[in-house]
Amino acid sequence: MVDFINYVQNDWNNIFSYSIEHLQLVGVAIAIAILIGVPLGIYLTTNDYLAETVLQVASIIITIPSIALFGIMIPILSTIGQGIGFLPALIALVLYSQLPIIRNTYTAIQNVDPNIRDAAKGIGMNTFQRLVKVEIPNALPLIMAGVRTATVLNIGIGAIAAFIGSGGLGVLINSGISRGNNNMVLAGAVFVSILALIADFILKYIQSRITPKGIK
Amino acid sequence: MIDFKNVSKLYNGNVKAIDDISMTVEEGEFVILLGPSGCGKTTLLRMVNQLESISDGEISIQGQNVKQMDKIKMRRNTGYVIQSNGLFPNMTIEDNTMIVPDLLGWDRKKKRDRFNYLMDLLGMNPDDYRKRFPHELSGGQQQRIGVARAMASDPPVMLMDEPFGALDPIIREKVQDEFLAIQKEVKKTILFVSHDIDEAVRMGDKIALLRDGSIMQYDRPTDMLIQPKNEFVSDFVGKDRVLRSMSLYTVQNLVDTFGLKNKEETILDTKEISIHTSLRVAISMILNQEADQLVIINDAGEAQGSLTFDLIEKFLHQEVKGA
Amino acid sequence: MIDFKNVSKLYNGNVKAIDDISMTVEEGEFVILLGPSGCGKTTLLRMVNQLESISDGEISIQGQNVKQMDKIKMRRNTGYVIQSNGLFPNMTIEDNTMIVPDLLGWDRKKKRDRFNYLMDLLGMNPDDYRKRFPHELSGGQQQRIGVARAMASDPPVMLMDEPFGALDPIIREKVQDEFLAIQKEVKKTILFVSHDIDEAVRMGDKIALLRDGSIMQYDRPTDMLIQPKNEFVSDFVGKDRVLRSMSLYTVQNLVDTFGLKNKEETILDTKEISIHTSLRVAISMILNQEADQLVIINDAGEAQGSLTFDLIEKFLHQEVKGA
Amino acid sequence: MNSKKLIAYIIRIILWVLVISFFWWAISGGMFGKIFAEPTKFKELLTQHLHLVSISAGLAILTSVPLGILVTRPRFRRSEWLIVNIANLGQTIPSLAVLALAMGFLGIGLKAAIVALYIYSLLPILQNTIAGLDSVRPEMKDAAKGMGLTPLQVLFRIELPSASASILAGIRTAVVLNIGTAALAYLIGGGGLGVWIFTGIQLFDNQTLISGAIPVTLLAVLVDFGFRGIQYLLVPKGIRLARKAAIEST
Amino acid sequence: ACSSGGDGEDKNITVGAKNFTEQFILAKMAILKLEDNGYSVEEKSNLGSSALRQALENKQVDLTWDYTGTGLVTYMGEDPIADKQEAYDTVKELDMERNDIYWTNLSEVNNAYTIVMTQEKADELAIESIGDLAEYVNNNPDELRFGTDAEFANRDDGLPGVEETYGFEFGDANISEMNYGLQYEALNNEEVDVAMGFATDSRIREYELVNLEDTESFFPSYNAAIAMTNETYENHPEVEEILKPIAEQLDSETMRELNYQVDVEERSVDDVAQTYLEENGLLDGE
């Protein structure tokens, strides 16, 4: 334990910059994933045929082992000279995030009490008003839950992205394995967990801020 | 005026929920859609504001085919109380109630005043509820908010789907009274779904009794009670339908019919009855007491004559013939 | 016999749901727990089969304290119809209904017969439903299956929590009649929760009217209607309670009370009334027709005298005094 | 309506084209050559992989489901909060670290990898078992109790059938994750198809890489489908239909 | 460091590193030096040799430390050359010609592949050279287990070449592949009997392992040198000068010591690199 703390103190600069790298990768990935997943999820509620296809594809993607997906990215992206590093890692993480985000958005909007939806229609709201005033506010908790799941998932998978040169805390873990240095491995694990917890905490806070009081 | 012309509704191409219904709801009329569960009341109502498509036939409001109207606009002009209240859980009670005025761009002051007015009307203290959320209200309170929401922008037409179903008998009666009182003044055109015969008799100018998607009888409550067109109707309104019809009349009606005048003498022996009491309660009182007659008392506390079983019977026959 | 002795229930140590209730349900008696929403009906019921703990006081069945009984055994002997039906979604209707017989090891034939019998009883075709799942049934159908399940092994004691709440008036009345008919034969001890005063009057040997966890009145329906103990009771049963009480009596009761005998002469002018008609309907008939009297006809089609308003009134007073 | 169907079809076709062109590219580029060049090695790696997964996941199921049942019993309710939170916290530790830490205690090789995978699979199953049992509607349990079912009967006849969908979903998630994580076992000398993936990545050898990555992917996808089938068979029909009806009615 | 200076010159450089300690240290030294000279440096580390090489060719990485032998055999597909300078000259020429990659700053650090065993085991089996090993394996097939990382197991200048040259084969089932570095531990714990190693890895000494003699001189020399894209060289010709002192001062023994500090003493790479540069007066700043 003392060893561990010493290690963290000594190598703090590295740990910190790996953490930042890690966060950048996951942060950008999640932001993009939200920008794609949420509107797509909303659109899918209006097109059942497509919903089935998209959800199936997303659920297949998420079953692909991460190291394999990173691996497959390399030859494909090499064709544009971006085989390693940030881009393949980013694409893989964005893909992994899609299932939780799309599925949650989709079911959240779909599960908005049909009576509420009817009431909104009966009052004379147009589709957009309904979406903004009624459906999205009521679906928010579930949508955010999807974002949180995706974030925690990505922070974990981000550690594996270190093998294709995108840096982050995975480097610490991998080097720890190579050097037989358990403190390094532990530091990697602990900081990944801490990042996940902090991210989850922040997202929960955001969620509580934007969730209408009436549905808490 | 709402006009149904040979309206039918097929669900999924095979379930016939509404079967060739024609009827007219006059301007300012309060019409009850009555019938057993699953007979098509909700369906018929929802076709008016086009939440359900019309499979066949035509529905028009003020002479205009609903299909040709702008849906959004038409719905804003039509208050709709949904069967299961459908309040928006993300909005406060005030926001829920004032959503249509909000969409219409009313200013704050006007909205607030309207909210206060409606809440008072429905027997709820506006300030107690303004900032609360739907889940913090009991079922009956939620239902009243649903009614308030539909009334908010004072639409000339109201579609109400069992709006008082969740209220317990005591509150229910109160709200019904309030509602009738406003209706007397503002004369909206109302389609009101119910499966409670007593409520229908009490509230409606007319009752449309449905069964399996068809109208069995469309009549004034008294006529339906006293002259049911077929066995289904008489079964549905009950064997004691005459007693039921008596809740429609007060002692006042009887006094007017027979032209009873103030009487100076007071009869000390017998119990008094207010002129506003319904005849049903009057009969109950007669049955419950030794004397054969009750003294009718008007608002000023003056005796107006005595009420006997025979008088009630006579009044009833006269009314039936007059109908 | 179910005996409540100073029973109280505190939820979370502070919400007093039941407040010092003492009452006795005799062997074979059908007792209704009546009262507004939240008054503690469900709570009281669930303490009997120990789904809720008893905070204070003692409940005993057949003289034995329920706390000292083997829970499992006691519950198998006690049919329980849950307020929100609680059917098991993973089982077919037949499996749902026959779960207790199954646990008791009945053989297939016996279970099948019992299932068919119960379904017939409740107005549902056994073969139409046997293999279906709960979610494929309408609310009212589900509720009837809940009742069937509780009755399956023919337990001597039944606890029923608003078992007919989701049924529409017509089916409801039918099921009530069936149920009363069996009860007349088998004489189970029944505690039945309702908030419908008409149902209570119709079904119960006795009614316990609750309010805020206390018993306001525990009496025979007529007594409660005719002699309400306080204002809450009279408000709850309604102003026309005397009329209501009349559904409890048939013309037969009146004939018996006054010892009317067969009459040879027939009165051609007036309408006939069966001896099995309720007095409430009788009054309605009198009001609905010109003549002042009806000819009472017994099962053999013989006239047994004439029925007038005065006679009914007289009967009522006699009954009230006799009560 | 029809234009929507059209969009859906077009997207579906595009996706198929992508998948087919990927495989065309892979096959025509001889990307699976390694499998044919070294079939025994491939078989060995695959067998190792399956060993890793089946032993660890099997043990995890045998531990987590009973544990989940245990902590949802009224007597242990208090511990549930703790267990659920540990499970949540545990999920934030990356799989890579679990492997590395297991190696710290157990040395390198298959054993450490199995233990790591076992630990890593416990949590999703446990979480879903608890969530599934918790979501059984209380009035159903009440009804069952009210009819005099013993606690065990309530468990086996009502709770487990109702929770089966959720429990199986947890197992499915765990096994699929497990297959992916087992691909990291190479790092601690645990073998498996990950050996080829890492070889491929480090040597920039697409053939080796794809020969390892695609079989692992197919394995995961197939097992996922397989579990869907099992779910179909094991989840009581009434529950399945009710869920479907609930989804369709919205 | 400022990224795009006022003189309009872009002083950004991405430095790559492979996935073992020495590479981390070397890269760190280069980074510190470059930063000291006003460069803004990004690091892309933890890559396999070929992946890093690919990144260099794709210009995702501008500059990296690599080894002559690796360049010659693995990247260029040429035969190994034993002589250090000749190997370097050949790589330098060929790589520029073929791939536009500029080699410079050849150092004395020779991080050759080697095959290692524990002293005990070697004594017990009387194995001193790779030739002895080959003979033993041929006589006792399926007895010895070999620990290696993925690269060595597959590179032409790795196990396949060794086996071919010495005429023996471990057989797939006896080869245990793992992350580089673990094989020393595995030897120590007797989980494998023979393993690959890096000549400059301090753990060989720490665990008292023996290097089996390469009697056939199969392994070429692997001297560390800088490889950068020609584009980088042209844009920043001074980089060569900046890094030169590092290459000039380092040798295998020093490198082993630095590796020791990180791998065995568990000091941080940053610390070790910084201290070394400062102590040898290689950092002008501060």
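We call the chains A, B, C, D and E, going by the order they appear; numbering starts again at 1 in every chain.
We take it that contacts are C-beta pairs under 8 Å (C-beta built on N, C-alpha and C of every residue); 3 or more make two chains touch, one makes a residue touch a chain.
According to UniProt, the chain labels map to these proteins: A, D = ABC transporter permease; B, C = ABC transporter ATP-binding protein.
Bear in mind the structure is a predicted one, so any value in this text is a computation, not a measurement.
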item: Chains linked by the largest number of contacting C-beta pairs; value: A-D
item: Farthest chain (mean CA position) relative to chain A (ABC transporter permease); value: C
item: Centroid-based (C-alpha) most distant chain relative to chain D (ABC transporter permease); value: B
item: Distance from the mean Cα position of chain E to that of chain D (ABC transporter permease), given in whole angstrom; value: 39
item: Between chain D (ABC transporter permease) and chain C, distance of the C-alpha-averaged centres to the nearest whole Å; value: 53
item: Computed distance of Cα centres, chain E from chain B, in Å; value: 90
item: Chain centre separation in whole Å, for chain E relative to chain C (CA means); value: 90
item: Interface hub residues of chain E, defined as touching at least two other chains; value: 19, 47, 51, 54, 179, 182, 185
item: Junction residues of chain A (ABC transporter permease) - those touching two or more other chains; value: 74, 83, 163-164, 170, 174, 177
item: Chains that touch, pairwise; value: A-B, A-D, A-E, B-C, C-D, D-E
item: Touch list for chain D (ABC transporter permease) against partner chain A (ABC transporter permease), complex; value: 4-5, 7-9, 11-12, 15, 31, 89, 91-98, 100-101, 103-104, 176, 179-181, 183-184, 187-188, 194, 197-198, 200-201, 204, 206, 209-210, 212-214, 216-217, 220-221, 224, 247, 249-250
item: Partner chain C, residues of chain B touching it in the complex; value: 36-38, 138-139, 168-170, 195, 197, 226, 235-236, 239-243, 246, 280-281, 283-288, 290, 309, 312-313, 316-317
item: Of all residues in chain E, those that touch chain A (ABC transporter permease) in their complex; value: 16, 19-21, 24, 43-47, 51-52, 54-55, 58-60, 179-182, 184-185, 262-263, 266-271
item: Contact set on chain D (ABC transporter permease) toward chain C in their complex; value: 137, 139-140, 142-150, 153, 157-158, 161-162, 236-239, 241-242, 245-246
item: Complex contacts: residues of chain A (ABC transporter permease) adjacent to chain B; value: 113, 115-116, 118-126, 129, 133-134, 137-138, 212-215
